[in-house]
Each structure stands twice: as C-alpha cells, then as structure tokens.
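What follows is chain A paired twice: with chain B in the first complex and chain C in the second.
Our next item is the complex of A and B:
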C-alpha cells in the first residue's frame, strides 16, 4: 500500500477521496450504495470518460486540445449527412464514419501544430472558433431530430430487476466507455508508439534525437483524441436522441479539469488512464451525491468548485515545502 | 535620453505593431470600399460600444498569460462582481438609489473581483498546481455561487444614471470606451514601468531563475492574479451599465476569444513576452472584422469562424517570417563560418 502511494500518489489520493465520499454519502442516503445508482453513475459518466481518455493521450504528448467538444458536434452533423448518404447505415458503419471524421479533424490540429510549429493551445483555440463558428453558421443553429432508428434506440446490455422493483441497466455508452478505456490503456502502456508518446511529451527534442518519429507521435495523439471525440459525439447523439449544435460546447473545460485532477501533467509526459477515470468519477460522484442528498441544483456548481479547489490544494501542496517557502519569504 | 527614445520608437513600430497596423488599415479600406455604411459615425460609435467588454476581459487575461499562466475564471468573476453591484443598488433604493450607492456598489464589486483573483494567486503561488486547473475550479465556483444566489435570473431595476453611464459619451467617445482606454494605459504602465510588471515578465520567462535572483515570486503571483481579478470587476461593472442588467453567463463566449486576442497580439503562450499595444490593436481588428461582416450581412458565427482562421493565418505568417529571417541570418553568417 505504501509503495502504491509512492508510485501513484494522485491515483491513491483520488481513490481515498472517492471512498470517503462514498462512505459519507451512503450514511446519508440509502439510495447511494445500490446497483441502480451505481449503474446510473456509470451510464452518466460514459461520454465524459470517452472524451477524457482521448484528451489524456494529447496531454501526455505534451499538447492540449480545447477543440474536441466542438469537434464532436461537427462530427455529429457530418456523420448524420454521411450516413443518410450511405442509405441509413448501422452501428458498425456509424462507428467507422464517426471515428474516421474525428480522426480527420484531429489530423487538422496535428498538421497545423507540427508543420507550422504552432503551440497546441493556440491552434486548438483557433480551430475551436473555426469549428464552432462554421457549424453554427452553416446549420443556422438548427437541431436534427430525425435520426435513424438504430442510432436512437436504447440498447441495454445488462439489466436486472431489483427487489424494490426498479431496474438496474447498463447501456451501450457504458460498454463503449469500457472499450475506450481498455484501448487507450493498451495504447499508452503496452505499445511502442504509446511509450514514444510519453517520451515525446517529456522531452520533445530528446525524443527526436533518439530517433522517435515525431510526426507519427503527434498525428497519433491528436488522431486518437479526434477518434474519441467522434465516438463520444456518436454516443451523445444516441443518448440524447437528437443532435443540437451547441450541446457539447463548454464540455471541454469540465473534461480538462477532470483529467488534470487525475494527475495528467499539463507539460506532458505524465498521466495514467486510471487517474483520468478516477478524476471524472470523483466529479460525477459529487454531483450524484448532492442530487441524492436533495441539495438544490443551483448549488451544485458552487460545491463542486469548492471541492475542486480543496482537492487541488491538498494534492499539490507538500507541507514541508510550504514551510521552506515561508521561511524563504520571510528572509526576503 | 535621445538614444532611449530612439530605441523606444523603433521598438514600437517594428515587427508586430507595424504588421497589425498595416493589416488593420487594409481591413478598414476593404470594408469601406465594400460598403458605404462602414466608415460612418454610427458604425464607428457602435464599434466603440461593443469593444470595451471584450477588451477589458482581454486585459484581465493578458497579465496571467504574460506570467506563463491563464485565468479561465474571468467571465464569471466579472458576472459575480456585476451581481455584487446589482444587489447593492437593489438593497439601497433600487431605481431611486443615489450616486453614493453606486460608488459603494462599485467598491464592493472591485472587492469581489480582487478576492477571486487573490484566491487563485494564493493557490497558484503556494501549491504546484497549474493555473489552468486552479482558475478553472475558480470559474466553476464563481459560476456556481452566481447561479445559486441569482437562480439564473436576470437582475434589473437600476437607477437611470447607471444606464446613462453605460450608453453615454464624452466628446463623442462612449464612456465604456474611455474606461477601456484608461485601463489599457494603466496596464501598459504597470507592465512596463513597475517592479510588479517586470517581475511578471520574468516569472513567465523562467520562474526558478526569477526566484533565485531574489524576486518575491509568490507575492508577485498573488498580486498579478489580484490585478486580473480587479480588471474582471471593471469589466463586470461596464457590462452591467451597458446592458442595464446582470445575468450569470453574460459574456460567457468571450472567454476563449480573450485568449485568442492575446495570442493575436503576439503574447507568448508560454509567458514572458507580449505587450498591451499589439493586443489592443488585435482587439480593434477583431471588432472591425466582426462589425464589417455584420454590415455586409453575415452573422456573428461567421465572424467567430473568421477570427479563428485569422489567428491561424497570423501564426502561420509569423512562422514563415521566422523561417525566412533564420535563413537570411544563416546566409549572412556563412562567410564568417568559412
């Protein structure tokens, strides 16, 4: 246990926080520790987790992506028209089309970043505005409701009736989420290119000098993010049963907060899938718990903000250093 | 003294400022040729009315960017400050409130803004947390408190003179624009003439080296985020007087545009470099693009897309210029190498 605390301090911290929060919540609300609520929680975080694991890869490679949530909306529209052109499509074609379109949008970011030597935050803030502006301009802000049936019909992968009569259900987005988690975990932990992404994020020039193909690394990182954005967009449309152009805008900062809370460094080279998932989970548990406790929804954001600030402060401050810092300050 | 002046003048008119100025003139000429309605007093004054809210928020974003950070809480901090002023006005007379109540409300609004910035500064200074994450949580917190206290409703019913401040003009220049110009000048002085400003640039260049050279980096960080928060409060007050109402979420879409404006104005995303004047010019260009397109019949969303394309074009041009000058330098130095 002590060893895990040393090798994975942030993940352990988050796990401790989640356990503490769960104990408190189950003491105050009978509904919290039930299978129905657990499955609801899993279903509700699935889209954010899909985005988060994509963003994680970009963060590990030393970049940042602000444009993914808007890119997901763009993919939803493009996929809708592409699929109706293909005569309706099905889930397989849907995944290929959405993933492919997402990869293309990610490649635009990667190309601009690599070939013109522009910093990723500048590029993705620019493409964020381009994607969103063009999307709103071309669609005139009109939503799409006549989605194909296969896209909107709820798919329940696992269900069980509880003693109370309510159903615990695990739906398709949850399964896709597990797929995204395992694929990303495999990519960054067990493949050569995954380790190269870490190396590149830690020290780009060093990575180039030991012969890592830096072009491939950038395109794979942003392509992976794009693919996850596309698949997340597909799932969000499935979940909401409609496509709204500004439904996802603003999501990028929430996901970014969760991923960075999970220990991914904004300078690159650090971050784990486990931490990233725990980060999203912690934020979701807080919201879910507040809901069950009957707190007014207007107060959710304020409480989440306080908890985030405390979590950041606690997980980043080393008390020894604080003492040294204060001493230095006083001698100045 | 003469040599300093000379260097200053050269400094201001070379590179970024000249490029942005030429582009601004080109855009203005193009729009005036395309539409007779562009270069009219009505359009110019409507541009001067629209610019300040975004401009003030951009100033609030600029200082953290120069220090190598970001402040993502600016829009909601501005909203919260606006709410503080709105409640003061409502509690002490509503539409009949006097000027002294307005002054008190402004003081409270500035306190709220400064407090938000102060907390970010303290957390950034005393933990190793990245400013993006800290200010993001502050953004969620500010939005949360604002939504909780206002229940997401518009707050209106202010005395008449508040609107007159927001929509009035002195010597033909709208008052918000004057406020913005004064703030921009103040920011310029703080950044180029004070110890705090110098320290901010140094923090952005190399925080360790700055700390070891005896600069109180923690204090500097706290002050610079507090300044950023104060500027948010000014933006909040201006927005309140312009719209004659406050709602949490007003100006939400400005957040990433302010970052875009800073980068357009050649502020370095890693911090350490960037000045107020080019950022000011970049803001004017953005406003001209948006107003010009509006006159030609396009909507705001097309302008947003064009702003993004414009930023990309500028950074690609900068890259091309950098390659070109590097090559030139290499050619010039070659004979010496032999």
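Our next item is the complex of A and C:
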C-alpha cells in the first residue's frame, strides 16, 4: 500500500477522496450505496470517460484540445446524414463512420499544429469556433429527432432485480466506455508509438534527437482524441435519443478539469488512464452529491472551476513547496 | 588500424558565416580523443555533423564502417555506431530509468509493441556491462545530475555505439563523480569503443585523453599526443595567445562595508549565509552548478526574499520587496544567462544599454531624449572599450565578449554601489575573458564593490581579493588568493560533494 502510494500518489488520493465522498453521501441518502445507484453512476459517466481517455492521450503528448466536444456534435450530424445515405446502417457501420469522421477532425487539428507550428490551445480554440459556427450556420440550429431505431433503442447488457424491486442495469455506453479505457490503456502502455507519445510530451527536443517520428506522434494523439470524440458523440446521441447541435458545448472544460484532476500534466509526459477515470468519477460523485443535497447546478460550475485551478496549481507545485510559500507570505 | 571515423574536408557555413573550414578529423578504435577549443570554435558544429543533426557543406567526406557519406541522417549515424551524450542529456524526466536507457530499442526499430520485461532486461544488461547499478523503475527526474549522465551513457551503449561523443560531461560533476565517469570511460575503451571528450576542464581531459584535436575559429590547429601537452601549451594553442595570470592582492584599504549579510536562509536554496563586502573589494563566490550561488544572488538582488536573516546596505537593514528596491539601493545584477535573461537579443545595442536608465533620459515630463540616451551610450561604450560597428545594430551581431560588456555597461549606467556578476565568462572566449576581468579590476579601483560568482577556480583565484566557497547551499570556507595555493582552492572546490 505504501509503495502504491509512493508510485501513484494522485490515484491513491483520488481513491481516498472518492471513498470519503461516498461515505458522506450515504449518510445523507439511503439510496446512495446501492447497486442501482452505482450502475446509474457508471452509465452516466461513460460518455465523459470516453472523451476523457481521448483527451488524456493529447495531454500526455504535450498538447491540449478544446474542440473535441464540438467535434463530437459535428460528427453526430455528419454521421446522421452519412448513415441515412448508406441506407440506415447498423451499430458496426455507426462505429466505423463516427470513429472515422472523428479521426478526420482530429487530423485537422494535428495538421495545423504540426505543419503551421501553432500552439495547440490556439489551434483548438480556433477549430472549436469554426466547427461550432459552421454547425449552427448549416443546421440553422435545428435538432434531429428521427434517428434510426438501432441507434436509439436502449441496449441493456446486464441487469438484476434488487430486493426493493428496482432494476440495476448496465447499458451499452458503459460497455463502450470499458472498451475505450482498455484500448487507451493498451495504446499508452504497451505500444511503441504510445511510449513515444509519452517521450515526446516529456522532452520534445530529446525525442527529436533520438529519431522519434514527431509527425506520427501528433497525428496519432489528436487522431485518438478525434476517434474518442466521434464515438462519444455516437453514444451521447444514443443516450439522449436525439441530436441537438449545442448539447455538448461546455463539456470540454468539465472533461479537461477531470483529466487534469486525474494527474495528467498540462506540460505533457504525465498522466495515467486510472487517474483519468478516477478524476471523472470523483467529479460525477460531487455532482451527484450536490443534486442529492438540492444545491443549484451553478454551484457545480463554480466547483469545476475551483477544481481545475487546484489541480493545475498542485501539478506544478508540490505540497511541500506550497507550504513553504505560504509560510513565507505569513512572515512578511 | 582503421579509424572508427574519418572526416575529410568538412566545412559548414551558416548564412554567410563560416563555422568550420576544411576540417580533417579522425578517431581510432578504443581511443580517448579530446576535441578542444574555445566557445564558438566549431566543436559542437562538428559533432552535430557527425551525428547527422546538421549537414556539412558539399564536398565533405565522412567515412564510417568502410562506408563513405557526404551527409548523414540521425538514424543512419546511430545505426553506424555514433552515440552522442548531449550537454543537456536529452533524457525523459518523467519516464523510468529502464525506459530511458532502452528507448532506442523500440524507437526507430519496427517494433509495434513494447514488452516492459524486455526493456528492463536490456537496461539491466547495459548497466552490468558498465558496472553501474540503478533502481530501474525510478523516474529520471528523481536522480541527481551525475546519475542522469550515466543513464545517458547507458542509452548510447544499447544501440552498440562504437564511438561516443561526450559534450561537456564534467561541467556539473564533483571530483569524485568525475573520477567515476573517467572509470566508465576506461571500461568503454577496454571494449574498443572510442570516446571523444569535449570539455573545458582541460586538466581532467589531459589526464585521460590519448590525443587532442585543437580547433580555433573553425579551423584545425593540429592533432597532438596528450602526453606531450601541458595545460599552458594547450591554452596557447586554443587561444593563440600566451596568458600569464597573476593574483590580485588582498584588499588592504580599510574601507566602509557596502554590503553585509547576516545569517540569511531560504529553504532548499541556501542556509545561514554570512559575509560582507567593502567598497572597492572584489569578492568571489565559487561553487559547482547547484551549490545555491545563483539563488543567493537573486535574493541579494531582491528577486526572492530570504526567509530568515538580514541584509544590510551601508550599515542599514534593507528589506527588498522587488528588484526595483534593490536597484534603488545601488545593487546591480548581471545574470548568468545572458542570451535569454540579460539582453534583449533582437534589439539594438544602444537600446539594450539604455534599458536600465530610461528614467534618466526623460525630458518634458516623460518623453525620451535621444540626445541624453546617446550621451550615456557613447560614454559607456568608450569606457568599456566595446568593439562594434554601429550602436543601432542588433546586439546579436556582437561577439560573446562584447555582448557581456554591454550587459555590464547596462548595469553600470545605473551607478551602482555593488555589482553582482553571475558567471560572466560563460559563452565568452578565453581571449576575451581577460578584457572582462580588466574591467572588473578597473571598476574595483574606482571604488565599486563586486561580487563575482563562478564555477571556475581559476577565474576567482586570479581576480578576487577574497573567495568564498559555496557548496550545498552554505558557505564552507573563505580563501585569500594572496595567501593560499591555487591547488589548495581547487581541491576544496572540486573535491567536495554537492
């Protein structure tokens, strides 16, 4: 345990916080610590986790992506028209089309960042505006409700009736989430290109000197993010049973806050899949708790902001440095 | 014996400036070869050409492993057994030691997947071969600099290097660490790997090198057997000048104390520092990289605040809230990193020089007077004997030595009582260094107090009235060069661990 704490301090902290938050919430609500609620929680975080593991790869490579949530909305529309052109489609075609469109949008970001040497935050703020502006302009803000049945029918993968008579259910997005988690974990742990993404994010010049293929690293990082954005978009439309052009806007900052909270460094080279998932989970529990306590959703917005600030500050400054700094201020 | 590498007729031009002219260079297997020369003589350019990082001008011939090339790519050079340990080591601080060592076993190869067990095996084998041991799972950022360097050496061996270039490998090592490094080098040469040292600590290099190639101004001066070379002879070859240094005496005139520091500490940076400087005195602070020298200087200049202790200027306690307070109190600081911190590279010489005294050139309630500015600029350029074409040229057109003079002039214009010079000869040629130290002595004679921070024993020994040895954030000992041997001071400085 002590060793795990030493090698993975952030993950351990998050786990402790999640347990503490759960204990507090179960004191307020009897329903909290039940399988039904646990499965609900898993179902509800699945889309954010899919986005988060994509963003994690970009952050590890030393970049950032603000545009992915809007890109997911763009993919929803494009996929809708592509699928009806293909005669309705099915889940397999849906995943291929949504993932492929997402990769293309990610490649646009990677190309701008690599070939025009523009920093990633500027590029993705720009593409965020381009994607969203074009989407609203071309769709005139009109939502789509006539999705194919396969897309909107609920798929329950696992269910069990509880003593209380309610059903604990795991749905398709949860399964896709586990797939996204495993694939990302495999990519960044066990593939050569995944380790090169770490190395490039850690020390770009050093990476160049040992002959790492910088172009491949950028395209795979942003392409992975794009693919996850596309698949997340597919799942979100499935979950909501409709496509609304501005449904996902703002999601990028919630996800970014969760991933940074999970220990991914904004400078690159640092971050784990476990931390990333725990980060999303903790944020969801906080939101869940505030709902249970009847606090307004705006409070959650403020909390997201504070968590983002804290996580970034703590990832740059260690606890020790912070203590010394505070002591100095007080002696002045 | 066939050389590991043979370069013929290597020239390199950077935008009209000739960095290298017709260099021939060869290294034999198992040899320790020293590449010596002043800053800017073309050593690094030559290494970059051999490592494939930059291309030589047409007409060059590089022979490696019985193959001839005009230019190489980095991947080609590595495949042919060229390993380079760059000065900044080019490691990945967040990754494990094992992965840093073994990274080239999967980068560049066609391996799609990584087996972490394999990586550890590869790293373990290299460590055993070199006789070093590491916690292979530790992150590189947790290692001290000397250990990181060993990681970098291990990495070059994974790709079976037959020639290893080491760019300034000893600049941040203590003597014990340097000895260990030299042992590693001996292990390598015993296996017939050639090692090329680029170093400015010539004493150590001469101790281990078989041959020395000297470059000056991009041209080859010659190749010499190290056994025939002495330090003085080598310096003469490198600079083309004969310099016979002499010690400055102790500051005998009992002047008023300008700066006094009592027991100042700042956690993790320096501890319990006490010293004083009188008017017209030159005090040196000597210590290796990481000894806390610069951190101390930043506190004296008001950039950081000591957590404990007091600083007195002219006998009065001061409590600087920023460096503006320090400047107002008469302290000037010429920073160690001239390129990024000391000068605005793209700006003109005159603008750089007048930057600290813009308020003195104001007329009509806030407008700059170009005439006053010109007076100040002309005065200091004349005073410090700066060689330049036109004051409106960009500062980057000047040589390292002249840039440093402008950096000093910029601060002298503020009319300080105390001038802190932090590593003033970094990036300045040996020949031009003397010019900087002449300025230091002249200024001291006119009554300015000077704190000279350096990691070169020879610099402080020959130019200071008193020298304080700093290590591990504390002042260890005071030396008076007039009453101690050079070697005594050298032993104390390079012999202690950080």
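The rule is simple: the second predicted complex is superposed on the first by the 294 of 332 C-alpha atoms of A that agree within 3 Å, B and C clash if a C-alpha of one lies under 4 Å from a C-alpha of the other, contacts with A are read in each partner's own complex, and residues count from 1 in each chain.
Note that a residue touches a chain if its C-beta (ideal position, glycine included) is under 8 Å from a C-beta of that chain, and two chains touch if they have at least 3 such contacts.
Bear in mind that the values here come from a model prediction, so they are computed numbers and not experimental data.
Legend: residue contacts after superposition of the two complexes on their common chain; A:110 is shown touching neither chain B nor chain C.
Applying the stated contact rule after C-alpha superposition, one finds that A:199 touches chain C and leaves chain B untouched.
Using the contact criterion defined above for the overlaid structures, shared-chain residue A:234 touches neither chain B nor chain C, since it reaches no partner.
Legend: residue contacts after superposition of the two complexes on their common chain; A:128 is shown touching chain B, with no touch to chain C. Once the two complexes are laid over each other on the shared chain, residue contacts for A:225 go to neither chain B nor chain C. Contact with chain C, but none with chain B, is seen for A:269 once the two complexes are overlaid on the shared chain.
Contacts of A:258 after superposition on the shared chain: neither chain B nor chain C is touched. In the overlay built on the shared chain, the residue A:301 is in contact with chain B alone; chain C does not reach it. Once the two structures are superposed, chain B and chain C can be ranked by residues of chain A touched, with B on top. Chain A residues in contact with chain B (one complex) as well as with chain C (other complex) are 332. Contact residues on chain A toward chain C in their complex (touch as defined above): 7, 189-196, 198-199, 202-203, 205-207, 209-212, 265, 269-270, 324, 327-328, 331-332. Note for the complex: chain B touches chain A at residues 72, 119, 123, 126-130, 132-134, 136-145, 147-148, 151-152, 214, 216, 218-219, 252, 256-257, 259-260, 263, 269-270, 298-299, 301-309, 311-312, 315-316, 319. Residues of chain C that touch chain A in their complex: 53, 74-75, 78, 84, 86, 89-95, 99, 103-104, 106-109, 111-115, 137, 267-268, 305, 307.
Within the complex, the chain A residues that touch chain B are 66, 112, 116-119, 121-123, 125-137, 141, 250, 253, 256-257, 260-261, 266, 296, 298-306, 308-309, 312-313, 316-317, 322, 325, 329, 332.
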